[in-house]
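The same subunit A turns up in both complexes below, where it pairs with subunit B and then with subunit C.
Moving on to the complex of A and B:
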């Protein structure tokens, strides 16, 4: 039995096409501006002088990020009305019938997974397509990725398959929430912090 | 940032209420007296204003909820949510101050009962402030998870509580009648708050926290809020200074609340409001 679902994301394979983002919006019928899965474009670098020659040192990679259904969901711990619930299989979802719309969870989540939905006047977030999962299916984002950069499953299985890396620039320290997330870093990720890389598409996320 | 006005009003009003409660009762606590004898009217006015401020704070806080009618369940996560705890301690503070008003009104309460109620109310007020502070010190938000947050909340409580108590006591009981030199204390508190703001205010203070890389847009409050806050506090400092220099708090002076004192209160209140908007502007809500 699955005790903690999680996502795998291959930053080296992601082309930034945003098919995952669109598939999520389509499956969940999200309002314009509400994004449960977002693709961040990390960019930085420029030119550097090596042995008297100027060479490009550009950093550019993408991060596809949704709720990571953390083992220690700080959003749920912060919620004053227990409107954020964790299932036995680790999926964290928002009970919109209980949410008071204080939006405190938006501040608490380091992955900015909680998004305010003006249609229901509550917060909302990725629910791991739990109806599809319960029926033996696949989350929409994973199914839509043409590069196979996304995968999902039990965290124990994902660790065996893909390793233990859970952080690349500019993601937060996983010790904060113990996220259900495994990452294959892009080759540029190690240099991103020292080259002052930053998210280049804030308007889109 | 301006959308957070209900939270600005809630925190400022709540902190002022607790500050007024603490400052008025401090000299009585030190002398081991109850404010029933000789001070009953002033005491009741103070308590009534504390109830009014706390009640107003609670009322205003509903404006930041999108489903206010569901707020009756807000105490259901006391085990882990600092927001639940904040509301619990606010309600406890309010209820205990209301009880103190009733005790003062009945004229013949036992000394132990009055002190017990006042001590419990003072403690609840402190826990209300502590929960309010803890609530914002989230690991995900380095701009708020800083010594500046507790310092600025505490100093706002002390500055507003001190100056507001002086104004109320002057109006109701007359100048110089109180056993604590609130004006000189106010000078010290306002001075410290200006220093703390200049040194530790996130983003704009000399040694304030700067935003690091994260998945949250690096939204910054306009610098103008930082400087308006400092300018208003400085103006309040000068007004209090004038009041001290001209002997406004002298017991021989029958002037009551002078224009300089009222201006000082207006300036420090404006400074705290500007500072609080700056505080909420430090953290963006993605998607807004």
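Moving on to the complex of A and C:
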């Protein structure tokens, strides 16, 4: 039996095409402005003129991120009305009917997974497509990826298959929340600090 | 003036349309449909709601626009409304028979399908043409007017005055320009065209080297390659064959080294390449030439292959009648012009360090087999024929032709059978024999009677008339996607030139604003259709009618049928067939050719399989026969061999712009000419994931994901005091655009990128506020192919006052 669902993300293979993001929006009927899954573009480095030619030290990679359904869901701890529930299989979901829109959860989550919708005055987030999961199916984002860069499963299985990496720049220390997330780093991630990389697309995420 | 005023009123007139949201709202209110869908999202209701049983799932081809993908969707319908779209999830997903997973565009399609701005009723223009003011009319009035205009113009000017322009918005047999061409051909014909806005130079230049366009191995063969040069090729953003980017990823996992050469650090470069080499736009042929120089200088060529399979490499193998002409080696070494084409020479032109050029030359020449894949961006340029021929020659002199894991370059239609069918819907024979290059239609409007062979006219010595009647179906290429929008708009606004302009579309595009009669077309989800796998087709994909056409929309086929009835041609046009009948007929055509096991339409419908694919277990290799025996299996070139030197081109007598061996030719607008003083930045209009060309413009989920903006390097931004997110003005002598910018190191200094396809939206001063790159591009064409050179643009950029 699954005790903690998680996502696997292959950052080396991700182009940043956002098929995952939009598949999620279609599956969940999310209006513009509400992004349960989104793709962070990390870019850094620059250009230097050497012997009259521009030479790049540019790095770039993407992080596709939804909710990591953390083993220690700090969002739920922050919720004054207990609207955030963790299922036995690890899936964390927001009961939007109970949500009062105080947005404390949004502050608590280090992955910016919780998304406020002013139209409904509630917070919502990725629910791991639990209906599909309960029917033996696949989360919409995982099924969407043209590069087959996403996978999902029990964290114990994902660790066996894909290793232990749960953090690349600029993600937070996984010790904070014990996220259900395994990452294959893009080669440029190792140079992120040295190239002063940053998230380049805040307006999109 | 009329034009500018028109745009102001266009926004107002749009308010007159009933909003689509009204329909969706009423559907939701009158049934459990959407309301149930919304409730189902809430976990509290998940266990009590039995929603899925009310849904119907239909597997269907993703609406067939002119992207390079052909993908499979699972479309969920409730109460006549599409409520969800998933993609191919067939078990297996092997290299030989992969899932056809849709890209972000297909996944967002519901927001186009139910967009509030969809056209709903026939309309006629009021006020000057191009103002965009229309009033609703009935179908009878619209069709009567069309028939009357056709008859009038046919009597006055003859059939050569009619034109059904290049337009690629629909490729599903039933919707699309072919439906109009069929009727025109029955009506006495219309001025025809050849080549395209996508591939003009590459489709003309490839056969000058190889005698054919079928130069590509099947893509699965990339997994046999050890080295892949993605040259100006960006399959992750444009989609160049569903799964192409996945195959490259798999090749890399197998150990192939992948290098991407592009002015931008593209999404493809990030995800597929081991190395990115930025290159100045329009200079690819210079780097290719210097690579050949290195190979010659360091004896890295496949000399035996050159000797047995090529002509014109050096003075030992010049074709008869051109013995004394400049061979390729002469050009490389500078034997005639005194300029050796060294990496140092190329560095100054293309901006790639000389050591890098030499290293890539060595890598490609020695890491075999290798692929030099030529993307299409670099050939939509001033001398776009040259990088095509230069790349083909690199493949030839390294001996990468005709072998597994190799790649001959060029347009690379897929072996073995000549590639795609795309459209099998029969247009019949055009009684008018005159053809123009597709990009020269404005010339045929302005100076039709003067046009002959010098302007690329085929089939006749001279045209008899200018274009007087345009029937634009699924075609925003007329205004938005043609070079120099402001010029095109002026030409079309003159009602004495084109006297009648009929437009059929889903939306009020910049082209549709110029319509005299504007007819609302249903989407491809609302009629029957059929598509195959584009350039690489290993599958046939059914597009069943999924929901009813809303309002008064009709399929392009239905519209043409009804016009045919007015012209007394209904039976000849329809042959008694419905849309579904034609799809069945089209399936028969595919079955007769390369899909002998293809099920019938009834069978496909019953199985709801959506797709019939041919697994590629043993990829075909282009030129394998020729490689084995070049005498017995001659190429269809004049020499029967690979023509590094083309006597055909030599005999044109235009060595400056159509050289017989591939050369770097400085573009007519470049950083090296006097124009650069005023306009120092090269502007490119790359394909963008929020649109297929101009289709899908305005879809909110896509705009959220990939907003329209100008991309500019921090160095160019800083010197102009431009900050990330600022509104910027981009302009040249042809026009001006104001959009927000993204300052990013992901493209090289001296280059800006404005994603192509955004809809021209001029303000009262004629400044485009949306960012159509063709406001800046030129109508000038390439010398040999008569192709569009729309990426050859120099501009200046400054911070704008306001967005």
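Please note the rule applied: the second predicted complex is superposed on the first by the 195 of 205 C-alpha atoms of A that agree within 3 Å, B and C clash if a C-alpha of one lies under 4 Å from a C-alpha of the other, contacts with A are read in each partner's own complex, and residues count from 1 in each chain.
Keep in mind that, in the parts below, a residue touches a chain if its C-beta (ideal position, glycine included) is under 8 Å from a C-beta of that chain, and two chains touch if they have at least 3 such contacts.
Everything numeric here is computed off the predicted structure, so don't read it as measured data.
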item: Side-by-side fit of subunit B and subunit C on subunit A, or clash; value: fit
item: Partner chain in contact with A:146 - subunit B first, subunit C second, else both or neither; value: second
item: Contacts of A:92 with subunit B and subunit C, given as first, second, both or neither; value: neither
item: Subunit C, subunit A and subunit B - angle at the middle CA centre, rounded to the nearest 10 degrees; value: 130
item: Touched partner set for A:199, first subunit B, second subunit C, both or neither; value: first
item: Partner chain(s) touched by A:29 [first = subunit B, second = subunit C, both, neither]; value: second
item: Partner chain in contact with A:16 - subunit B first, subunit C second, else both or neither; value: second
item: Which of subunit B and subunit C A:56 touches, first, second, both or neither; value: second
item: Dominant toucher of subunit A (residue count), subunit B or subunit C; value: C
item: Which superposed partner A:126 touches (first subunit B, second subunit C, both, neither); value: neither
item: First, second, both or neither for A:138, with subunit B first and subunit C second; value: second
item: Partner chain in contact with A:43 - subunit B first, subunit C second, else both or neither; value: second
item: Shortest CA-CA distance in Å separating subunit B from subunit C in the superposed model; value: 11
item: Contacts on subunit A seen with subunit B and repeated with subunit C across the two complexes; value: 33, 35
item: Touch list for subunit A against partner subunit C, complex; value: 12-19, 21-23, 25-29, 32-33, 35, 43-47, 50-56, 58, 60-62, 85, 93-97, 127, 130-131, 138, 140, 143-148, 186, 200, 203-204
item: Contact footprint of subunit B on subunit A as seen in their complex; value: 33-35, 40, 65, 74, 77-82, 98-104, 106-112, 115-116, 121-122, 169-172, 176, 193, 197-199, 202, 205
item: Residues on subunit B engaged by subunit A in the complex (per definition of touch); value: 64-68, 70-71, 73-77, 80-84, 87, 135-136, 138-141, 213-217, 283, 285-288
item: Touching residues (chain side subunit C, partner subunit A) in the complex; value: 37-38, 40-44, 46, 84-87, 89, 93, 101-104, 107-108, 110, 236-237, 242-243, 245-246, 249, 265, 267-268, 270-272, 276, 278, 347-348, 351-353, 689, 700-707, 713-715, 725, 742, 744-746, 748-750
